[in-house]
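Structures follow.
Next come two complexes built around chain A: one with chain B, the other with chain C.
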Partner chain A sequence: MRRGPVTRALGEHPIGAVFVTPYVVFLAAVFAYPLGFAVYMSFHDYFFTAPGAIVERPFVGFDNYVTVLSDPAVRRAFANVLVFLVINVPLTVVLSLGLSTALNSAIRWRTFFRVSYYVPYVTASVAVVGVWLFLFNSNGLVNSILGPLAPDPSWLVNSKLAMPTIAVYVTWKQLGFFILLYLAALQNVSKDLYEAASMDGAGRWKSFLNVTVPGVRPATTLVVLVATVTGANLFTEPYLLTGGGGPDGASASPVLIMYQRGIEQGNPDIGSAIGVLLVIGVLIIALIERRFVGRED
Partner chain B sequence: MKLQAGLLALVLAGSLAACGDSGGGSGDADAAASARGPISIWYSNNAEEVAWGKQMVAAWNSAHADQKITAQEIPTGKSSEEVIGAAITAGNAPCLIFNTSPASVSQFQKQGGLVPLDTFPDGKQYIEDRSGDIAQQYKSSDGKYYQLPWKSNPVMIFYNKKAFAKAGIDTTKPPLATYDEFLATARKVVAAKAAKFAIYPAPSNEFYQSWFDFYPLFAAESGGKQLVEDGKAQFNSDEGKKVAAFWRTMYADKLASQEKYTGDAFVDGTAAMAVVGPWAIATYKGKVDWGVVPVPTSSGKPANEIHTFSDAKNVAMYSACKNRGTAWDVLKFATSQEQDGKFLTATGQMPLRKDVATAYPDYFAKNPDYKVFADQAARTVEVPNVANSITIWQTFRDAYSKSVIFGQQDPNEALDGAAQKVDELAKQS
Partner chain C sequence: MRLRFVGLLLGAFVFLFPFYYMLIGSLQAEPDPTVAGAFPEPGNLTLHNYGEIDKAINLGRSLVNSGIFTGGVILGTLVFGVLAGYALARLQFRGRGLVFNLMLLIQVVPFQLLTIPLYVLIVRSYGLADSYGGMILPFLINSTAVFVFRQYFLQLPAELFDAARIDGASELSILWRIAVPLVKPALLTGVLLTFIGPWNEFLWPFLITKQQDLQPLAVSLSNYLTTVSARAANPFGAVLAGACVLAAPAVALFLIFQRRFISANISSGVKG
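And now, the complex of A and B:
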C-alpha cells in the first residue's frame, strides 16, 4: 500500500501526534531549551542586559567552569548536598516503605495517619520552616526535651548538625508523597505470596523482607531516583531554615549558590556552569542508583 | 526553588535579553529625553510610602491630564532588586522606581537598564543642589548620576527603656557611647534578665545583613569611610578590626544571638536594643517605649561627629522609559521641598536633602523624636557605588559570618582574606 506524505511523517495514527504535541512543546520550552541555553551561557561571558543594549558576550571556553570549581564555596556546597543525599535518600526509602506497609495493614485510624503523613508535603515550606525554627532553636522544644544532651551550638547553627537537620526535615516533609507511591505499589503485591510465605513458616519480618521488599522494587527505584533528584535541587530549606546556607556555608547547597551567583550577583554564566555541573552530577548518581537499586534479579 | 526553575529563571531572562538585542533603544535616547506623555512608576509596598505615593500621583495627575502617571507597588519577588533586574532584562521596567537600592545600581547600570540623569540639562545641578555634598557618594565610576539620592534611614541604636530600667540602667542617657560602655550595659541587661539578648542583628548570611551590624559601626569608627574606597577595601583597617572585635565579643559572650529570629526581637522583648533607622518607629508605636542613641565608637566620639550607614533608597530612571521628559519632571516634582515634606510627615524617613533638619521646622517641633535622625542624616555613609557591589558584600559577609558570628576563624585574618578578594572584585569593570 502506498503511504502518503502525512502518514510517512506522522505514522499510521496522525491523531496521536496531536495528543503528544502539547507535552512535546512543554518539554521543549520548559526543559530542553532552557538546558541548552544554560549550557550556552556557561561557555560565554554572559550577563543579562536591557533590550537594545549592545554588549559583547565572547566565548570563554571552560573559564566559567574553572571559576566555579576553584571556588571553595561551590565545592563545599556540592559536598554538603552529598551529605544531604547520603542521609535523606536511605532514610526516605526506609521510613516510607516501613510506614506504608504499616498503613497498608488493617490498623485503626488508618485514614487519619495517611492524611497526617501527607499534610506536611502539601503545606508550603515557608510555613513549616517557622515551626522547625521554633522546634530546633537553642530554647526550642527539642532541646528542652534533650536537656543536658542538647547540642551546643544548637542544631541549625552547628556546622556539623545543620545539614543533617535539614536532611531530616526534608525527609519528614516529603514522606507523605513517597508513602503514597509505596501504597500504590503494595496493592500490586499478590496476597498469595504472603499466604505461601506464611505456609512456609515465614513470620512478619521474613514476609516483609522476602515478599514486600522485592515486590515493590520498581517503586523503590522510583523513590530513590525522585528523592535524589529533588534532594540535589535543595534550595528553600538552606535559604529559609539556616539563613542563607549558614553557619559559615555548612548548609549551602549548589542551587543556593547558583541563585546567589546567577541572580543576586548578576553572573548568570557562573550560575549556569554550576547548574550544568549539578545536572551532570545528578545524572551520574542516578545511573549508579539505577544500576544497583533497579537491577533485575 | 528547584534546579529546573533556577535554570529556567536564568534562561528566560537570558532569552529575553537575546530577543531584544536587535532593538534600537540607545539611538532613540535623545528623542526620549525630551518626550512627554504617560509614564508608569513603581514604589515600595510599605504602607506609609504607598499612602505618600498615591497622593503624589494624584497631585501630579490632576495638573497633567496629558502626562498621567500609572503607579503600582513593586511586584512581589524574593527581593525588589531581583524583580527590577528581571524587568530591565525583559524591557518592561517602569520609567521610575522609588525604591532603587544603591547597592544594585552598578549592576543595573552594567545591564544598560538605567538612564544617566546627567543627560537632562539641569540633571546634575538639581541633584547636587538638593542633596549637597552627600550626593557625591551616589555618583557612578564614570562620574555620572544613575540615581537620585531620595531618602535615608540613618541607622542608630534603639533601646527599650523598660528593659533598661529593669536592669538598673539610666533610661535617659544610657552608657552606650564607647565599646566598653556598650558591652557593660549589654551584660547588665542580660544578667538582670531584662531581655534574653542585649541586641539581635540578623545573624544570617544574606549579603545585605552587614549593613545593620558591622557597617554602621565601621562608618562611625572610621569617620565616614565606605567599605571600599578608590578601588581598595577599607574594612581591614585598624578601625574595621576594632569593630569586628567588638561584635565578636558580643557573640562570644552570648549578648547577641547566632540564631535566626522569626519576627522582631526588639518588639517581642527578646532583645533590649536594635540597630535600625527611623522607618521602624511606626512599628514600635504602642509596643515599645524606646529611646535612641548614636552607634558606639571605641573612644566614645561626640554625637555630632558620628557617621552611620544611610540605609537609603533612591529613585532611578529606567531605560525602557519612552517619555523621559515627563519622567524627569515627575522626578523633580516628587522630590520637591513640598513633596519631601509630605514624605517626611507620612513615613518619618529622612529626605536626602542637605537642609532636612531646618527645612521642616514645624514637623520636627511636633515630632521631636525624629530630630535626632535629621541631625544624623547629615553624616551618613552609603554603600560604595562600585562594580560587583553585591559580590563584594557577599564576600565580606561570608568572612564576617565565619569569624565574627560563629568564631571559626580569627576575625583579623578573615577580614584580611576578604579584603584581598574584594580588591580583585573592585578592579573588574
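And now, the complex of A and C:
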C-alpha cells in the first residue's frame, strides 16, 4: 500500500486520535494538571478565596517546606508511616507468598480459599473498620479471649500499638490482591526446576527457597512497590480506627496531616508541600526497595 | 500436605471471621463481646439496629447517592474507556504510544497526593462542591478498565476489521456493530472492576460533600461512626448494620462473578 503524506503525518487511522481525546483530556485534567498545580502551590503563599477574586499569591521559595519540616506533627506522621511500612511490607510479602504457594498446590477447596482471601479486598474499608473497632475495643472479643494477656491500654488507644495494629489491619485487608499476583507469577515458574531440585535431593523447604523465591522475584518487586504506595496513601484507617491518628498523634499518617493542614485549617500550600515531600519519600523508598528486592543473583 | 491444608483453613478463618462477626453483631440488640456472644441463640437476633442506622443516616438516600456516584463512573468508563481502549488496540494514529505510556504511568500516581490540588480546583475554582459531578469527575474513566478493554480488543482477529473497512464501514460502526458485541465479557469485567472503586471510596466524597443528603453511604456511615455513635444506645450494633449494608453489594457481586474479578486483577497486576 502506498502511504501518502497525510497518512505518514497522522497515522493510518487519524480517527483514533479523536477516540482517545476524552481519555487524554481526563488524564490531563485529573492527573497531570493537578500534579503541576500542587508543586506550584507548594512554592507560593496560596490560600482559599471566593471564586473569581483576584489576589496576589507571592512566590515564597521553600518557606512552606521549612514550615512543614519544622512541624513536629508532620515529622511524627512521616516516622509513623515508616513504622507502618516496616511492619506491613515484609508481613505482606511473607504471608501472600506463603499462602499462594500453599494454594497453588492444594487441590481441595481451592476456589473457596481464593474467594475467602479476596473478600476483604473488595469490601469498603469503612465497613470493615466498624468490625475491627468492635473486635479490638478495650472490652472487645480479642481482649476477652486474651484475658490477662490483653494489652493495657488496649490496641487502638495504646500509643505503641496503634500504628502496628493499623499495619496488621491493612495487611489483612489487601492480602488477597497480592496472593492473586503471586498465584499468577507461580504459574510461570518452570516445573522442570522443581524436578531438578528434587533430583538433587532438595526437600520441600529447600526447593521453596531455591526455586520458588527466585522464580517469583519480579512479582515480589511489584508486591513491595504496590504495598509501599498503598501504605503511603494511608488515610481512612487512622481517621476512623484511631479517631484521627490518636492517641496523641501516634498513628497519624502524612495524608491525614495533609488533610488537616491543607483543608481543615485552610492552608493548601502547606498541604501541597506535605504531598510533594511524601511523593519524594515514596520514590526514595521505592528505589531502595528495588535495589534490594529486584537485584539479580 | 495436611499441614498445608490446615494452614489454608486457618487463613480462611482469619479472613472470613470478621465478616461473620459483622453480621452477628449487627443482629444483636445488646453488644456481647464475650466468646459466647459470637454464637448467639437465633432467637435473640433482631433487625432493630438496621432501623436505628436508617433513622440516623437515611440508608435509602445514602444508597441512592452511592449508586449515582458509582453509576456515573461506570457509564463514563464504558463510553470513553471503550473508545480509548479500541483506539489503543486497533487504530494506528500519531501519539498512540504516548497515550499508552501515559496510561501505565497514571497507575503509579497515588491519588491521595492529588487530593489537595483537586480539592482546590473542583471545589474552589469550579464550584462543584456538594454535587454528583464533582464527586464523579476525578474517577470518570478507570484506567485499569481501559487497559482490560484494550487487551480484549487486541485478541480479536485482524481480518474481521480489514473486511469491514474494505466494505466501507466507519470506525465508529465497526466498533459498535462488530467489536463491542465480541468483547461483552470484557465489558462485564470492566464494570465489576470499576464498581468497587467508587462504591468503596471514602476520602474524595468525604471531602466534597458536606450536605448529608448528597453523601454516599461510605461517607455518611463514617460520619455516624466518628460523631453520632457515642450517643447511641448500641453504637456498634448500628455501625455494623450500616457496614453490612455497605459491604453487601460489593461482596455479592464478587461472589457471583468471582472468576471475572480474579482474572481481571491478575491481568492488570502482571502488566507492569
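The definition used in the following text is that the second predicted complex is superposed on the first by the 267 of 297 C-alpha atoms of A that agree within 3 Å, B and C clash if a C-alpha of one lies under 4 Å from a C-alpha of the other, contacts with A are read in each partner's own complex, and residues count from 1 in each chain.
Definition applied: contacts are C-beta pairs under 8 Å (C-beta built on N, C-alpha and C of every residue); 3 or more make two chains touch, one makes a residue touch a chain.
Source: prediction; values computed, not measured.
*Asks:* Sharing chain A, do chain B and chain C clash or fit in the superposition?
*Replies:* clash
*Asks:* Applying the touch criterion given at the start, work out whether A:82 contacts chain B, chain C, both or neither, answering first, second, both or neither.
*Replies:* Neither chain B nor chain C is touched by A:82.
*Asks:* Touch test for A:41: chain B only (first), chain C only (second), both, or neither?
*Replies:* A:41 sits against chain B and chain C alike.
*Asks:* Does chain B (first) or chain C (second) touch A:55, or do both, or does neither?
*Replies:* Touch status of A:55: first partner only.
*Asks:* For A:30, is the partner it touches chain B (first), chain C (second), both, or none of the two (neither)?
*Replies:* both
*Asks:* When the two structures are laid over each other on chain A, which of chain B and chain C touches more residues of chain A?
*Replies:* C
*Asks:* Considering only touches as defined above, state whether A:123 meets chain B (first), chain C (second), both or neither.
*Replies:* So A:123 only meets chain C here.
*Asks:* Check whether A:265 is in contact with chain B, with chain C, with both or with neither, and answer first, second, both or neither.
*Replies:* first
*Asks:* Classify the contacts of A:132 with the two partner chains as first (chain B alone), second (chain C alone), both, or neither.
*Replies:* After superposing on A, A:132 lies in contact with chain C but is clear of chain B.
*Asks:* I'd like to know which partner A:278 touches here: chain B for first, chain C for second, both or neither.
*Replies:* In the superposition, A:278 touches chain B and chain C alike.
*Asks:* Based on the superposed arrangement, let me know which partner A:73 touches: chain B (first), chain C (second), both, or neither?
*Replies:* first
*Asks:* When you line up both complexes on chain A, which piece of chain C, out of 57-65, 111-119 or 183-191, runs into chain B?
*Replies:* That would be 111-119, the one stretch with clashes.
*Asks:* For chain A, give the residues common to its interface with chain B and its interface with chain C.
*Replies:* Residues common to the chain A contacts of chain C and of chain B are 30-31, 33-35, 37-38, 41, 46, 48-49, 51, 130, 133-134, 137, 232-233, 235-236, 243-244, 255, 258-259, 262-263, 268, 271-272, 275, 278-279, 282, listed in rising order.
*Asks:* For the complex, which residues does chain C have touching chain A?
*Replies:* On the chain C side, the touching residues are 4-5, 7-8, 11-12, 14-16, 18-19, 21-22, 25, 31, 33-35, 37-38, 80-81, 83-84, 86-88, 91-96, 99, 102-103, 106, 108-121, 124-125, 127, 137-138, 140-141, 146, 171-172, 196, 199-200, 202-203, 207, 218, 221-222, 225-226, 236, 239-240, 242-244, 246-247, 250-251, 253-255, 258, 261-262, 265-266, 269-270, 272.
*Asks:* Touching residues of chain A toward chain C in the complex: what are they?
*Replies:* 9-17, 19-20, 22-24, 26-27, 30-31, 33-35, 37-38, 41, 46, 48-49, 51, 98-99, 102-103, 105-106, 108-109, 111-120, 122-135, 137, 139-141, 143-145, 172, 175-177, 180-181, 183-185, 219, 222, 229, 232-233, 235-236, 239-240, 243-244, 255, 258-259, 262-263, 268, 271-272, 275, 278-279, 282
*Asks:* Inside the complex, what are the residues of chain B that reach chain A?
*Replies:* The touching residues are 1-4, 6-17, 19-21, 23-26, 79, 81-82, 85, 88-91, 93, 107, 110-113, 202-207, 258-260, 262, 319-320, 388, 390-391, 394, 398, 401-402, 405-406, 408.
*Asks:* Give the list of chain A residues in touch with chain B in this complex.
*Replies:* Chain A residues touching chain B: 30-31, 33-35, 37-38, 41, 46-55, 73, 130, 133-134, 137-138, 153-154, 156-157, 159, 230, 232-233, 235-236, 242-249, 255, 258-260, 262-268, 271-272, 275, 278-279, 282.
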